[in-house]
Structures are given as C-alpha cells and as structure tokens.
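The next part holds the structures, each set out as structure tokens.
In what follows, chain A forms one complex with chain B and a second complex with chain C.
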Partner chain A sequence: MTTIKPDRRSILKAGAAGAALAALGAPHIANAQAATLKITTWGGKWGEIMKGDLLPAFEREFKCTVSADQAFPFLPKLQASPRGNPIYDVLHANSNEQWKAVEFGIVEPKVDPKNVPNLKDVYPYAINDKIAGVSIFTSGIGLGYRTDKGLGKPTSWKDLADPKLAGQRGGYLIPVNSLGQAHLMMLGQIYGSGMQDLDAAYKALEALKPIKLFDFTGQMEKALLSAEVTMGVIHDSGVYRYEGTPEPVDFALPSEGVLALEQVLTVTPGSKVKELAYAYIDYMLRPDVQKKLAEAVWYSPSNTKVQLDAKYDAKLFNTPEKVARLIQPDWKWYNARKDAIDLRVTRILRG
Partner chain B sequence: MADLSAPALSVPAAPVLSPRRPAVSAIAWAVGPALLLFVVFFILPFGVMALLSVLTGNPAIQSGVTFTAQHYERFFEDSLYFEALVATLRIGAITTVASLVIGYPLAHLMARTHSRIGHALLLMAVIAPMLTGIVVRTFAWMTLLQDRGVINTTLLSWGLISSPLKLMYNEFGTIVALVHIYVPFMVLTLTGVIGRIDERLEQAARSLGANRTRTFLEVTLPLSLPGILAGSLLVFALSISAYVTPFLMGGTDVLTLPMLIYQQVGASFNLGFAGALGVVLLAVSLIVIIAYNNVLGRFAGGEKMA
Partner chain C sequence: MSARPDAGHIAYLAVNGAIITFLLAPIAIITVFALNPTPYISFPPVGISLRWFEKFFSSPEFMGALWLSLQVAVVVLVLSMVIGGLCALALARGNIPGSRVLTAFFMSPLMLPAILTGLALFQLYLLLDIGRPVWGLIMGHTLVAVPYVLRTTLAVLHNFDRRIEEAAAVHGASPARVFFEVTLPLIRPGVFAGGIFAFIVSFDQFPISLFLVMPQGETLPVVLFNYMKFDLDGAIAAASMVSILMAVSVVVILEKVIGLKSYVKL
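Coming up: the complex of A and B.
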C-alpha cells in the first residue's frame, strides 16, 4: 500500500482548488460575504414575517445577507454613525422621524423611480411632498373602543371627549409618539382653524383630561384588551388584528378623516450598497410581498396592484376612494416646533 | 471618599538607600482593569456627553460646530426642567429612605441569624427578585396596581371601594416599584457591615443596663452607619438614574430627568441638550451626596464616612 505524504505545497494547491470549486458551484456564498444590507425593521408579527420569510427570500434572490436591526430607537444610532459608513443602508421609520433624518442629511429625501421601478404603481400619497422617501404601507389612525361597555360606535373624533369616558380614554405621550403628535394636530383641525391651530389643539387636549397615556401602540392595545381603557387613539392595524378572536374591541373611522401612519423607507447617502438598498425597497413594493405583509399585520399596501383577500379588502385603504380619506400631517412643520410643543403638552397633561 | 486634608502620620525619615523608582505593588496592577473599565465606560462617555452639551452640533459628523451655552440656557428658560430635577431628587430620596426602613431590619436579621439554612433562605428571598429583569418586575407591579389590577379588582369586588384607587401613574406607584427593585441593594450592603459589628459590644451595653432600644440606638446603629451610607448612596444613585420604572409607572404625573434625557435622545434627537441635562443631574447629585456624606459623618463622630 502506497502512503501519500502531503507536503505544504500540495496542501495549499488542494485548498485553492477546493475554494475555486466552491465559489464556482455556489457563487452566492462568495457574494454573500461581499454584500450585506443593513436595515431597520419592526418587531412583533411584522418582524416574524420579515425574518422568517421575506428577508431570507430576498437574500436568496439577491445573493446577499441582510442585517436587520429591530431595537429602537433607530435614528439616534444612525445619527451617531459616520456619514460615509452609516450603520444602516435603509432606514424604516415613521414619517415624522424620516423628515428629521432628512433635516440632518442622513437619509436621501427622495427615491428615484429609475432605481425603484415599482414606484410607478404606488398611490400618489406614498411619494408625495408630505413623504420623505417612499411609504410602503400605511395604517389609518382612528378610534379603538370596547364593544362590551355599552358605547355606541364612535363616528367623530369628538366622541373621545365624551364625559362618560373620563379616566377611561387613552392617548399617547406626545413628545415620544407619532400617533400622539398626529392626534394633537387633528385636535387643531376639529376644534380650531386647521391642523396648525395649536392653541385650539392645546385647549382640546386639556378637555380630554383625565386621560391615560401610553408611549407606543402596543401598550394601547393591551390597555384596550384589559379594559384599562374603553376608547383610545390607535391605528386600525392594532385593532383589526384581533378580528376573529373573542376580544370585544373594534375600530372606528372618524367622519372628519383618518390620520395616515406611514411606514417609510429611505436610503442613507453614505451607503456602500446603494443598488442593493434600492432593490430592497423595490422588493418591499412587489405586489406579492405587499399582500403577504398586509394580510399578516393589517397594513394598507401602497402598491395599487395588490389584490387582497375579501376580509382585508373590505377594511384596508386599497382603493383611490378609500385612500382619499387619509390625512397626512405636515411633519416638517411639526418638527420645526416640536420642542415648544413638547413643553406645552407636558405641562397640560401633568397632574 | 478619602479625607485628603487629614494630617499625615509623623514617621521618621528613612535613609535613602538607592535612587530606584518605587515599585508598583501587585494590588496597584490588579486595580488596572477596573481603572481601564472606569475610564472607557464612564470618563470617556461622560467627557463626550459634556463636550456635546457645550457645542452647537457633533463635530465628528458636522462642520462649522462652535461652542455655545444654549443648552444650559434652555434648562433655565422653562421651570419644567427644574421641576423635573426636583422630582428626580425627591423620588430618589424617598426611595432611599423607604429602602432603608424596609431593608435595615431584614439586614439585621440576616446578619444575626446563626442558622445556616435560615441565612440561606433569607438571602434567597432578597436575591430572588434581582434574578428577574427590571422591566418584568415593573410590569408585575403594573398588573397589581393598575385600575383593573389585582388590588383594585379585589377591593371593588369586596365592596370596600366604589371606584379604583389611584395606585399607579403617579409618584406613589413609581416609588413602590423602585423600592421593591432597590431594597436588595440596601440589604446586601447593610448585611456585610452589620455582620462585622462585634456582638460582644451589644452584650456589654446590655450588661451595663441598657435596654434593647438604647443598645440599638447607641451601639448598633452608629457602628452600622458606614453601611447605611454605602447602601443609601447606591440606592439613591440607582433611583435618580432609573428610566424604565418611572416611565411605565409614572404616567404623565411623573417627569424625571432620565425620562427627559431619553426623550431628547430618542424622540427629539437633540444630543446637546440631552448632554446638558445629564451634566446638570450629575452635578446636583454629587452636591447632594457630598452634603449627605458630611451630615452622616458628623453623626458618626466628626469623620467623613466614605
């Protein structure tokens, strides 16, 4: 029996040949190491679908890896990272934060349709002047309420001020929550001359006391489910997701209009993988991807081509007529006054 | 805190044998990692925060950044910030006193228990809450204290109250949860100090005619003052920097500086003002701690305690 004694040179040759074969046979492995897309995304059910299904499919198709950050807050992390090597390539955030990021120059204000072909199919609200980047989904902010407390279905934002709801109505800590900020502007619209009538909004906010305040929608959901709150400001997704369960909660669209809570994507100017970043946005706007997420978390898709199943089709904002009911706040205007508003509302709501 | 002003002991000068550099002791080398940790995780971040608080922006990523006092001016422009500072210190002080009142008897019992099993059981009872996270413990308090929580639901069902008691979304609920979270720190600190007090001193006081109360007040309590100081400083420092518990338990009634700092970083993205709030909180806390140290030192016989 002949014994083969490997020397250093033969081992190196064999190793190089093996690596070349591996790269030829599975090019995505080599590419995957070369390209990593860093994004932010939500947790919860949204995060489950993204991490369990959509992101692995994106990685396979584009032969890359996706690093998804789900730990808030995203913007301070991006703010602290070098402009030339940002911590994220794609920022997923609500519209108010995206406008702040635009102001800091850490995200691109618009997405070019040449880079994201699916933009041609989105509703105008998803890319209009009220939006930085592109809104891939939206939900409607209205009134969530318990159906077991003898309340009629609310029809107006004014129903939240019903004296019977004292201490049983729910809102948000306005300085930290975009739903609370949007609701404040809506109070100006309902009780004053428009969404920028802050004096009327402050007066109306004062009249809502005593009110229970929460910092994020998940807490409002829990408060509604536990009957800690009987009626509260919430987005439709936070209530519709309990459809088909025994939970006695429902959602009402106020007649004065529904506030839009957009899920916005932007690309960072210093991203080293911009093509991949645009491809990701395009992927998130694909009808099949939109349908999957919309039906999982009850978000209204931005792509006009999405065909939703009947029960989602009945409730989500997926026709030009329904979309016309969405009111988009002017976040640039709000952000410019945020510090003063924060001080005032904190004073109003204390005690 | 060492008293550097104390006169050094008078020692006859030893003859200099050689001009060798003094050898660095092994203990000094062992302190190295802790010192490095302190520099990297406290001095450096604090320095950056303090620097940002006097700049118009972040010079690492922006151009044209200049020095400014605007963030400190803003603190004094609206009384809300000062009220938040006072609320922070008030919550810290009440939490510390309540932790001491609850923790001292427990620590005394632990230190004086001669049964090994008894000591182990007490230790487990004290440490067990620390094994769950602060968020979990705070949520547990929420399920107890909220309007539809265990306490209010029980009292309502028994007909003892007609409407829910306001047990949370106020300072009361915040302090209850903070005390629960920080009592173990007080107990563990005090147990070590009380355990080192020679029991024969207490026995001598009793044999000389002092009753239990007088023995405690004149022997045990003064000798345990270093533990009271250390435990109080620890609980106070943790309470005034707490964010999660005041945020979840305080609702709109409670506004502390850590809540404002997070708000500035996480929602207003104003790192300069957040830095200024941090510097103010640290400076005021240091003044309070130094004053407390001096006052307690006088009770202990004119010596500074730490």
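Coming up: the complex of A and C.
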C-alpha cells in the first residue's frame, strides 16, 4: 500500500486550491442566506412597474430575492423542470394556460385563504370554479374600433360581422391566442346554444371571412392604430391605454357580455419556499399594489377594496354590477378539445 | 450599331432584380418603420424621427440584452473557431476510424430543430442542478455554431497541398512550427469564414436562447420577442436596424483586419 506523506509544497498547493474553490463558492453561500422566490411575470409597462418598484419593495419587506422570468414560454419550461425542484415557485399566466398546468399537475389548483389573507376581499369571479389559483386582475375582451371611419359604436358581437367590415375586421390565430379562443366560444354563445356549441361557432367564424388575423394583442393594437383594421377583438386595456392621445380608437363592451381575460397566479407543488410564494400572492392582492398596477396598465383589480382614480373608476370592472358583465370561458372544457378545434379552425381560416 | 438586349438577358435581369428586392424588402420596411415617428407601420411615412433609436438606446433592458448578446457571440466565435478548427484538422488528418460518421455527428446539431436542442439542454442543466448560467447559454450557442466552422475548414483542408507542410518539415521546422507557420495560415480563411457565421448565428440565436436565458439575463432576440408581445412599436425596428448594422460591422471589421476576399473562394 502506498502512503502519501504531505510535504510543505503539497499543503500549500492544497490550501491555494481550497481558497480558490472557497472564493468560487462564496457567492452561493452568500445567496443561500436569503431565500429566492422564482416567479414569472409579464413584460411591457407591467414589467417596468414590477421590476422598478413592486418587486424591490417585496424583497425589502420579506428579506428575500425575487427572480422574475419574463421570457416566454413559461409553461414548457415549468413542465421540463423537475417536479420536486420546479423552475418557478409562482406561475403568472392567463387562465387557459393555468388550467393546462393544473392538468399536468405542475401547479396547485387552488390557493388556501389561510395562506393568503387578502383572498377574503376579492370578487368571487377571481377564485370561483372557472379559475385555477387566483385571478389578481382581469381585462375585458370586447371590440376595439376606429372612431374616424363613420361607424357607429358597436353594441353587439354581431357588429363584427357587418359586411362593410369585410377585410377590415381583425381576429387572432386561434391555436396560439387565448383571445381568439375565447372569441370562438363567444361565437357559439351568440349564434348557437351556448359557449360549447362549436358547430355554430365554426359557422359564424366562416362568416367573418375575410378577416385579418394576428398572433398577439400588441399586433391587433397597432393594426387598429394604423387603420389596417377598423374593428377587432381586443382587450380593453389594449385600447384604454391610448386615452388622452389623439389616436382615433375606442373600446366597446358588447351587450351580450364581455369576455374575461384573467391574470392568474398559482403556486407550484414542489416549491421550496411556499410561504414566500403565498406571501407574494397576498402582496399582489394588496389594495395599494393593485391600484398601482391597475392604473398603470388599465387592468381591473380583483380586490374589492381598491379605490381607483376617477378616469379608471369609470371604465374598469371594479363594482359588483360591472363585474357581473364578465363572462368566464370554461378553459378546462376548451383545453380538452383544443387539438380538434385547432385543426378545424385552421381549415376554416385557411380556406 | 448598338446591340439590342435579347429577351433572355432581360429575363435574367428581371429575375435577379426580383431576388434582390425580395432579400432587401424586409430591411427597407424595417428602416421605414424605425425612422417613422408613429408607433405603427404607416406608409407613406409621416416624417423622419430618431425617437425609436432614442428609446432603444436609453432602455437599460435593451442595452443590457445587446451587451450580453455581443459578449456571448464573441465568446462563441472564439470557441467555435478553436473547437471547429481542431475538429476539422483531426477529421481530415487524423486517420481516425469512422471519420465520416464523426463528421456527420459533429454536423448533427444543424439537423435537429434548434428549439429541441434548447429544450434538451435546458432539461439537462436542470437535472444537473446548475440552473441557467451564462456559460450554459454559451455552450448551447457553441453547439450549433461549431458545424459552420467545421464545414468551412474542412472545405479548405480538402484542397490543401500537404507538400507545403512536408517541405517545411524537410527544412527542419518542428511540428509545432509547421502547424503555426504553415498549416494555420493556410486554413485561416476557412476558420474565420466559419467564425463569422458562428458570430451571426449566436448573435441572432433565438430558439436555443429561449430556454437557456436566465431572468434578468436575456439576450437581445429574446427581449425583442417578449417586448413585441406587449409593445409593438418602432423600438423593435430600431433594434433590428442596430442588429443588422452590428452584423455588417463585424463583417467589415474582419474584412479590414483579416481580409475576407480570399474567403470568397470557399
């Protein structure tokens, strides 16, 4: 057996190597002392407020670090990460994606009010059976239109089918856009027996041709501004943000109801910092936080105690009466049929 | 007597003109959008403004992403040239059994959809519990950039006259000296041509970056994609212009420093 006797030089070498390793490892040790909450969040103006103001305040209050991922796609990344060590602790997504995440078992379907005290103050729609997790804000999906084209203010979803709008109406690539998917369900409601009447919805979609289709709501917004589209399906915040500018665009709430586009938060089952995750959801539901974001991006707050400034108060869904106009699609039902729907609508819109 | 152009020549010019228009039209549209003050594409433009460039250059998010993309692309350029160049030498000279299979193996990242490569690397990093470090992003970009250097260097080596190396050796040059003073200068056009591709592939890389960027450490294409979902204004066009100018600048600088004319032969 060989015996190794350490000499002075080897001890010095080992010491130097150890010091180097310690130096490399030091940031890990320093960071390990503060818990890190991994979340997803939107970009744009929302992201500016979050990163510039709200997240630093949360970090100070809860003595933690928040790692906010703004790079889509969130769901595939969460799916690909180990269940026991998920890449996110809190998933912020729209309702359709949250339901998919629930089906995959990668987020908790509900949030316990014991963990999130502010849940007691939210409108019922924010935590009902149509929502996985909790909806912290919502937008209303209705009709955006140009006010300089001699059209009257639309009052019904049927106004989008006006023959005068042929080639001037805007919709979405339904397989990739939840507004397009929600609108398809609404067509079933308007022209058929209900939101699940797909045959009526397909027929009504066919009748909307020729229609300009977009991937993102941002594109629809610009198409309205540039008059490429005269009327299109869009969420209220995408139009209200031009309030006070000379842009000749406005938003109409169809009499049959407005589709809800919810901003939903859920917690991942494998999160190692669940208390912090719940604290974050509670924080996002605080009236002051809700007011700040609602007025920055024109989203309707879920907390009933939020007092908005007059111009926001006049338009956002912030009273029980206004909230009653919101129609929440059944995303669980839709997701179960999504592949077949995608095939069918692609054929309709391509033809 | 002046020669009348024949129909064939006119058709040839027309087809070439159409191809050039097709290639350059997107750049023209981006230029119009970037310089137009309206927050949407409008034609004819209502004026000329640098407001979108100002927005781009004053945004810490865009600037951070641009700087990161540049840093990553430079490291990828160097790594790809070293790895791709050495691989090409080994494959062309090493008498390695199964060198054709190995060449196909090294080229395989180009056969796979990059989004799958990105997803696979993302899962691997998570399984190894190393998170999403910048060096992981660099590794991902290098994986798809190496085949470009490999291919261009192999092309040079294919036409390489080995008698030049033998002559140097006969005159007493050591193997290292032969490599640095004879082989390397001769394969340099292939290595650098591949390096330029590697830089551009990395700088514009989207599908792999989509999975491998870390929060607050996003590359420019990823930041632009996410920005576009919320704010589709001229800042996107300004960023595109900057990207194009950046890529052109790299080619121009390499032309000045190294001379690219010889690479045209490749």
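Going forward, the second predicted complex is superposed on the first by the 317 of 351 C-alpha atoms of A that agree within 3 Å, B and C clash if a C-alpha of one lies under 4 Å from a C-alpha of the other, contacts with A are read in each partner's own complex, and residues count from 1 in each chain.
Keep in mind that, in the parts below, a contact is a pair of C-beta atoms (placed from the backbone, for glycine too) under 8 Å apart; a residue touches a chain by one contact, two chains touch by 3 or more.
Keep in mind the model is a prediction, meaning the values are calculated, not measured.
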item: Clash or fit (per the criteria above) of chain B with chain C on chain A; value: clash
item: Partner chain(s) touched by A:T155 [first = chain B, second = chain C, both, neither]; value: neither
item: Contacts of A:N85 with chain B and chain C, given as first, second, both or neither; value: second
item: Touching partner for A:S226 - first (chain B), second (chain C), both, neither; value: both
item: Touching partner for A:W46 - first (chain B), second (chain C), both, neither; value: second
item: Which superposed partner A:T346 touches (first chain B, second chain C, both, neither); value: first
item: Which superposed partner A:T147 touches (first chain B, second chain C, both, neither); value: neither
item: Touching partner for A:K212 - first (chain B), second (chain C), both, neither; value: first
item: First (chain B), second (chain C), both or neither touched by A:A71; value: second
item: Chain A positions touched by chain B in one structure and by chain C in the second; value: 72-73, 76, 80, 82, 226
item: For the chain B and chain A complex, residues of the former touching the latter; value: 58, 60-61, 78, 80, 146-148, 169, 247, 251-253, 255, 263, 265-271
item: Chain C-facing residues of chain A, complex; value: 38, 42-47, 67-73, 76-77, 80-82, 85, 87, 216-219, 221-223, 225-226
item: Chain C residues within the chain A interface of the complex; value: 38-42, 119, 122-123, 126-127, 129, 210-211, 213-216, 218, 222, 225-233
item: Of all residues in chain A, those that touch chain B in their complex; value: 72-73, 75-76, 79-80, 82-83, 100, 104, 167, 173, 175-176, 212-213, 215, 226-228, 338-339, 342-343, 346-347, 349-351
